[in-house]
């Protein structure tokens, strides 16, 4: 049974139109996923729907056999799905350590959280170095590292990242994805939405192509990378819908 | 020179009280993004509670804080649940919400005016007419106690925000609402709680204003404009900014009052608002430039 | 949104119905006072009507900044006071009748609006709202202490010397003129590029700015324009009352009523303020005759505003329009 099953989900923002128009995806525990697609395809909306920031209008999301419909974001987080949004969602005026501490917010046991923070800082030495530094003074790459670390504090089953390479120089992006390999080895299922298809598909095992709110193609990431239709999607095909964000 | 220092002392101590009044306002703005125009109207409710407690039961106004703070906290929670829950997340609805607080303020003012009429009232506990002397300076005793209490409450608030789990959550929500949501903070619950705290602080302020000022239902507009001016000066959403704004403007107002008469004291705050808007609209410690 | 149906439809355009309605209304309004001249005894109704006309002008003007631009001004009665006092000064000290001077008073209010707007519109939503409250309170204190205009005692103006039956007529016609003028201004703005820019600002100011809308200029212009007819109304109203004082013009309650009228009717639309003002004045009159103009009036204003904001924040016209039930006659956008 897949770890996360997304069934024919329809979702949109507020009273606006449907962004996702009937999307299904089975997420296996031992695979990592990269979701690509043009702007407006619904990639970010999908992640937000899974983690509860957006309510699905129809269809269902089932995690570990249990439905997630109607649950709040913090409840879904408690179950083990962590979401890292697109816009560098740090607490700018808090230090690195305080940001990591916020990552463990839902845990009541202060000692456990502090221990876990120490573990995370071992995994990411940069964070250990800069633990007293204010988050807003760090570079883009360091901030993204902090976000990864913060996501790890709760030892989630699934981590969903929305465009981690956004705004980062290619070398820095590679470093980030290197770090994400560490997470992969630790057994965390990773779903990453990427505009940079190449780096995302090179990292993940499985690629999913979204367009106009539907899954149009999925398969082993190498297959997706080699497929000429990808070229079509990004270069040749006329966009039928304008809109901001993926 | 002594004259000037005397005025400075009066200004600073009054500033402390204004800072307490403004703290609830700026906290609510920081977390919910709305300006609560009814803040001072709720202060008036607390003032009337304290007034009648004094008149009927001889309860000292400062002690009445023990009643007014919890009562106003509950009032805050109820008002939030009825009017603001769930709408707060929608940034486009914010203008409507501010108008709602305005309407709320009118309703409270009218109700208080209907029940108690617009006559000037104040409490006069023993310390309201005495002064503490130190060297060539004096400080009205009531003012002194009010300032001490304000400092105590502000320090308590700061400690709460700094060291408790909920305080952390509140600060996180103020910094970055989406980020807070994503790490599992129940931002709706936090907003409700903060609204309650803001009202509780208004409650404490209301109790104390009964012996510092003479009050009547419509006076809340004057308070609200003063508080908002100093919050804008300090920077919306910044507690430290509110404190600085309060101290700064109160001192200036004290000098203005000494020179030109007490009528012009509120004018200082209003003019200061326009000056800040001209020079630096985001205030001293404000975060977002468009505010 | 043209569909293939409309091209095939019969030729009577929807506009004809609207135009007929307007013409009928205006002609009726023009003719009504003749009844007074012939029969007399209608002074109460003349008063009510001219009061409604004035508030239509006020609400339509507030709508320009509060509805189209989305910048809520809670102290808009400042313009009313500026116009009123300008008219009073010109009359009491220079002998110029407000009947002649009122356009100038409107322009004076507009000029103040522009200058004040240059400062206060540097801020966005919440801070701007705060500045409007501070503005009213500040102006009240300034006028309370300005002996030239009588301070808190205010100014008395001489009565218009006409027989009792006819004395309200000039005010009636002038207020009607203001109402028509303000609604027309509102209509023209809505249809213009300026109006489009304002509405873009109210939706998302940053995006509007990025799209090239001169937001500072537009906002300030809207604020100033919104003061024009209100200033004129203030000048005439002061003369009508033959008495002005800061306490009459500059309480928050007066400003609140401006807001309530427009929102009740539907801010951001052309017909909304007209309907809102009419309904509100009628309701207010009923209320005052039943309960008096006391603290209860404040409660009622507040509660009504709460109800409107919670249940139909788009106002009557806005809500009907959204659900598609607005009679075409009332859709003047």
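Each chain gets a letter, A, B and C, in the order it is written, and its residues are counted from 1.
The criterion applied here is as follows: a residue touches a chain if its C-beta (ideal position, glycine included) is under 8 Å from a C-beta of that chain, and two chains touch if they have at least 3 such contacts.
Quick caveat: nothing in here was measured; it's all calculated off a predicted structure.
J.: Quick one: name the chains whose C-beta contact count is the highest of any pair.
T.: After counting contacts between each pair of chains, the winner is B-C.
J.: Among all other chains, pick the one whose mean CA position is farthest from the mean CA position of chain B.
T.: Centre of mass proxy via C-alpha means gives A as farthest from chain B.
J.: Using mean C-alpha positions as chain centres, tell me how far chain A is from chain B in Å, no decimals.
T.: 42
J.: Where the centres are mean C-alpha positions, what is the separation of chain A from chain C, in Å?
T.: From the centre of chain A to the centre of chain C is 52 Å.
J.: Between chain B and chain C, what's the gap in Å when you average each chain's C-alpha atoms?
T.: Result: the chain centres lie 33 Å from each other.
J.: Show me the residue ranges of chain B that touch chain C in the complex, using the header's touch definition.
T.: Where chain B meets chain C, its residues are 29, 34-35, 37, 83, 94-96, 98-100, 102-114, 117-118, 217-218, 221-222, 224-225, 228-229, 232, 236, 263-264, 266-267, 269-271, 273-274, 277-278, 281, 290-291.
J.: What residues on chain B touch chain A, complex-wise?
T.: Of all residues in chain B, those touching chain A are 90, 165, 168-169, 171-172, 175-176, 178-186.
J.: Spell out the residues on chain C that touch chain B in their complex, using ranges where they run on.
T.: Spelled out, the residues of chain C in touch with chain B are 70, 72, 74, 119-120, 122-127, 129-131, 133-135, 137-138, 141-142, 144-145, 205-206, 251-253, 256, 259, 263, 294-303, 305-306, 309-310, 313.
J.: In the complex of these two chains, what residues of chain A are touching chain B?
T.: Against chain B, chain A makes touches at 14, 51, 53, 72-74, 77-78, 82-85, 87, 89-94, 101-103, 105-106, 150.
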